[in-house]
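Common to both upcoming complexes is subunit A, partnered first by subunit B, then by subunit C.
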Partner chain A sequence: MLGQGTRLYWAIQWRRNEGLGALFLVLAVFAVIYAILFPGILAVGAMAKFVQGWFPTAMVAAAETMVMLTGGIDLSVGPMVSLGSVVGASTMQGPLGIFGGVLALLALGTSVGAIVGAFVAIGRYPAIIVTLALSFVLRGVALLIMRRPGGFVPPSLSEFLAGSHPTAAVLVVLLVLLWKFYQATPLGIGLIAVGDNAEGAYRSGVSVTTVRISAYIISANLQAFTGLYVAAQTGSGDPLIGEPLTLSAIAAAVLGGVGFLGGQGAMRGALAGSLLMSILINVMFFMGLPLVAQYVVQGLIIVATVALPLIRASLRRAS
Partner chain B sequence: MHQPILEARSVSKAFFGNPVLHEVSIELVAGRIHALLGENGAGKSTLINLLSGTLRPDGGQILVDGRPIASLTPQEAHQLGIAVVQQELSLAPHLSIAENIGLGAYPRRGGVVDYGRLAAAVAEIGKELDLVESPDTPVGRLPLGRRQIVEIAKALSIKPRVLILDEPTSSLSAPDVAILMKLVRRLRDRAVAILYISHRLNEILDFCDHVTVLKDGSVTADRPLAGLDPDGLIRLMVGRDPRNLFPPYVSRASGDLVVETKGFRAGGAVDVDFELYRGEIFGIGGLVGHGQEDFMMGLYGAIRAEAEQFRVFANGAAVRSAPFAKVADANAVGVAYVPADRRKEGLLLPHSIDFNLLLPLFASHSAERRKGAQETAITERLAQRLNIRGDRRRQAQALSGGNQQKVALSKWLALEPSVLLLNDPTRGVDVETKREIYLALRAMAAEGKAVVLLSSDTPELVHLCDRVMVFNKGRVAATLSHAEASEEAIVAAAMGVRKAPTLQGEAV
Partner chain C sequence: MNAVLRLQRFAATYSRSLVAYAIVAILWIAASLLIAGFGAYAHLRYIVELAAVIGLVGIGQTIAVIGGGIDLSVSAVITVTAIILPLVTFDADATGLGAIALALLVAAGIGAVNGLGIGYLGLPPLIMTLAMATILQGLLILIAGGSAISVTNPSLDWLGSTHFLTISVSIMLWAIVAAVCLFWLHGTRSGSLIFAIGANPVVSRLSGVPIRRLTLATYVISGFCAGLAGLLLLSMNGQGYVGIGDPYLLSSIAAVVLGGTSILGGQGSYLGTIAGAVLLVTMTALITVVNASEGWRSVILGCLILAMLPLSGRDQSR
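Let's turn to the complex of A and B:
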């Protein structure tokens, strides 16, 4: 990419900030409030812990965004993360160790993503049905493998991923860079084209099927490795640990301006949305609200973000 | 010009057992602008889809450079240099102009889009098409006409050897049409084979070399255009003298006032004084977006409207003295509206023709049980009035555009409305159906209904209407009597030209 091309790429990427100003502003305000309420967060160690808490939500928000951009949705995020944690924690005891676990997770993510992608892209089944049904399958399989939390994640891996190092922060940066790279490939641009106008993209020579299936495969891999990360945080696998993440993933994406109809939204919005929710939940926790109150808040966030533009539009029409 | 670049050889195609194309052949030759003509439903779109790989023929062959291609896909078509400018745009509104132009055929370097070459290509095409917008602009930000230009730029970006243009000018402004025409001629001189579909006969006569006419899925003419005039073209399409397109003008207007407004304003329309009489066909003209559509929507209660005076009469008595607050109020006093976008607003496409025809009646009979026999009688009668043929249990989407419009129009007749507001009822409708709609409008006027006809087709306003009101910048620029309403007078008023309407009778 030479001068003119680089300029064009970044100009296009910059235009995607349109409509996200308010979110970034709210995020900044809450970050400041959080820092004022709990100044301890500004220490390096506390910051690393905070990022570790946020990281799984950021990962699943990214996974959900990829699928939603194509006009789909994934309701099996939570069970997939659980299954990832269970598979990771049970395979790392095997002869191949960490390497074997990573291979198993790659196989899991790729096969599940390919199956869902095939149903949606080739079979034309609605993603909402396929992934809802799949969520029960995955939850069941996770429970069949591990009735209760167990297995084993090597302490070295736990320490590397979720110890005192800022590994999670590096991973977030890596995630963003990879996404920027993907957005410069025909497949990455295809995500938005397919979500916006699948028929038109097909007639333009875009392989709609490939775009969709790749999106589901990458998304499922992100989810599976989120499972590994969560397992590393606790040191063991847990067949139910991912459950709240389905809602978090959708809430973060929607809060970040990713539309339900496809084509609309940007990854930075979803990441900002997940960060805002993490801060909210932390604030709620420190203020002594019960942890389960986060479900109420997340549900309300989804309804409010969907309703707000509609209310604004009707007000504008009335005036 | 010997061997055609792209050729269809006796291709046939059927959908769900309905034959759409029957043994159709067409040859696209380098350096020739080839017009494809036919009424809606004649199979033009299907033929384009076969030529561009979007659909595969049931029988026959597609040949490129004389070589049969077994199953052409859109991707292969691209690689072979076949580009299509679709009527339904193939753009992604959330992607930038540059990304849209390159879509499906990005220049690459090591798997990554080569933005440098993309930018250069976009700049080059942009210059040819006067595309002044910055290439990073999301396409969704552009007005419809500019999007059409992007669509054309996208087709050109693959340096096509064959360019298929499906009604490219229907949403373009006059200067953009001129740019397009110049470009197409330049491409012809560069030995590109061009297939040009348009309902504007003058355009076709202006700059096409050869014409293929489709009727009911078969080729009825394949000849050079030289020596043909518009009447000749229409005769090829319908096999009928075009003078019969409009029924003879007879005024049925009476002196009974039905609607009266003073100082009416709604949306972009301001200060409209308007009187409508029983039996009248009242035309509304003007360039798109000058307030005439808002006026009609306001009149119907679909958008907020205010007026110094607003009255609706039934049997000589005023039944309404304020603008309608909602559509149901308008329906209740016999005012019905037929929208321009029949697919989105006019019909429930997945439902049967019968169901669509009955829909307006359900509102007034909501508490009753449905009675099958009675319903059949009603739909039978409605279908007859506008000549809707075939099985009415079919889904509305199975019908061609023209037939859909007939259903959208006739469903309101069940309510026996006294005022019919029609928003461009013949847009994108074939000549045969146009004629049927004109006859139906005449018949309604003869029954004493008042018809308000908003139209982008000036000849309709000239030949059908008792009076024509022309909008310019939200205001009424002129209200012309039938005798005053010539095409020139209407266009002049719409453009805001202060010109005394020339008195001339029926210009046929």
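Let's turn to the complex of A and C:
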């Protein structure tokens, strides 16, 4: 028999799916279309490749969601991923090898996240302008380290992360599990509370500043390691490779119902949003649509997925 | 209301904007003393000319932000205008004014679609304008491909190169549009309602504010102003290409925030955005003087904006 707490937990979890129905439906439809168009995707190898294509977007969507849930926003995702790829690719030839690279990325993510967190949580400056300014700084630093794509990623690491193994799929599962774990800690519980009602959270004993700063630190680390993953995929560091990811991250999060004002939405929505965009790009590629049509369709799908529930709600009100 | 009280209220409302002007003044004076040629009239005029593009985009962005929204499609609209104008230039239209009118109509039309989606469908501004930018990007690649399109338009050349009493026509254009915008925002009823919507949309709706129509107007204005900026940019550049408008999305938002308008809506003034635009261009000019590499330029600009934050005011409510 289920305890009351457990039942309450699942009831709340189920309620958080509200408003995501349209997204899940569209996602399912496109997944089926994709599987029909390209049955080979159901094989393990092809699936592994697909997940590898999706993984960076999923990571940055998760990173953006953490920050947006606290009521902030991160406009420096793309440059941070680029910087991560550059730092990763330029530190792994050192004496410490892969381990040294990972250490450097941890240091990078933690320090950048702490800086943003300090500005936003302690200085109380708007996250949108802090991260906008930071995006210039990070892009500049990446260009200073590496003028053009280069550096070195050990082939073994590339093979492990982006080779024929389904490592990326395991990492996605790990990401979700870690998120669930984080949500069970005081900092994780405070995350949504702070975004929804900072004053109320503070009065209830949540350390608003700590919650915000840790959210930015974790988010920046996710972005830095996305950079490492991208570097492993391409085999080198690239100071501009992450640029499109800023908008993808925000689009995936908003598509997934994560609100601009904080406290609204769930990680599952953002991940589903990023998956939908990834599948869309693949489906349109296999249908032979030109790049032009891909942009247009992507824009329309984003609008439609968000607009449909709104239209339905207004129709319900009218009748 | 007596004069002192009025002055106090003015200072309280515009203190953030005034800070931005003070920073610009200090930077200009210091740079003029330290760097030879910086304080020359022609150079300062050039800075303001460059700022006019950001300033024009900033008009729509300021109104959108004050109304509680944001317009992420401005860069795409700039590019659309800069690419459509050369394409619709035809021989019968000797002055080129017809082509300009058509390009501005397209820009305002894009804004209208944004406004309909946000105001009437209730889409979040962030997602509507982002999706619009994505769609436009696709269409632009279709229309222009990777090539730059040159333009020959007499009116546009006139806009880009004429001076009246040593003041550039482009600066005058900016001044006129800015004056109209300031009058609308602060001097009319519908303008003040924009602040009301941004401050509290629910109360505004319950008080009978025509939110939908005003939201539509906001984004039409934003599209139109981005179109004007596109024209100005094209007149300076001589050719349009995909990506010409890209830098102006972030710089328009930066100008708005540096000018003291709250990103959360309901508070601010275009007066500050003007200073914010000039400030951004001034900082870029200073960095160019130092002759830094691309990487350093980017780092310095970012650090400068971060350093400006304490001066341009913090977010009180969050």
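Criterion: the second predicted complex is superposed on the first by the 275 of 319 C-alpha atoms of A that agree within 3 Å, B and C clash if a C-alpha of one lies under 4 Å from a C-alpha of the other, contacts with A are read in each partner's own complex, and residues count from 1 in each chain.
Everything below uses one rule, namely that a contact is a pair of C-beta atoms (placed from the backbone, for glycine too) under 8 Å apart; a residue touches a chain by one contact, two chains touch by 3 or more.
Please read these numbers as outputs of a predicted model, since none were measured by experiment.
Residue contacts after overlaying the shared chain place A:307 against subunit C, while subunit B stays out of touching range.
Touch counts on subunit A: comparing subunit C and subunit B, the chain ahead is C. Once chain A of one complex is fitted onto chain A of the other, the partner contacts of A:8 are limited to subunit B, with no touch recorded for subunit C. Using the contact criterion defined above for the overlaid structures, shared-chain residue A:135 touches subunit C, although it does not reach subunit B.
In the superposition on chain A, contact is made by A:203 with subunit B only, not with subunit C.
Contact with neither subunit B nor subunit C is seen for A:38 once the two complexes are overlaid on the shared chain.
Contacts of A:152 after superposition: neither subunit B nor subunit C is touched. Of the two partner chains, subunit B is the only one touched by A:184; subunit C is not. When both complexes are overlaid on chain A, the residue A:293 reaches subunit C alone and has no touch with subunit B. Across the complex, subunit C meets subunit A through its residues 117, 121-124, 126-128, 130-135, 137-139, 141-142, 250, 253-254, 257-258, 262-264, 293-303, 305-306, 309-310, 314-316, 318. Taken together, the subunit A residues at the contact with subunit C in this complex read 71, 75, 119, 123-126, 128-130, 132-144, 147, 198, 247, 250-251, 254-255, 259-260, 290-296, 298-300, 302-303, 306-307, 310-311, 314. Residues 52, 54, 74-75, 77-78, 84, 86, 88-96, 98-100, 103-106, 108-109, 111-120, 134-138, 154 of subunit B touch subunit A in their complex. Remark: subunit A residues 1-9, 11-12, 14-15, 18, 181, 184-186, 189, 192-193, 195-197, 199-207, 263-264 touch subunit B in the complex.
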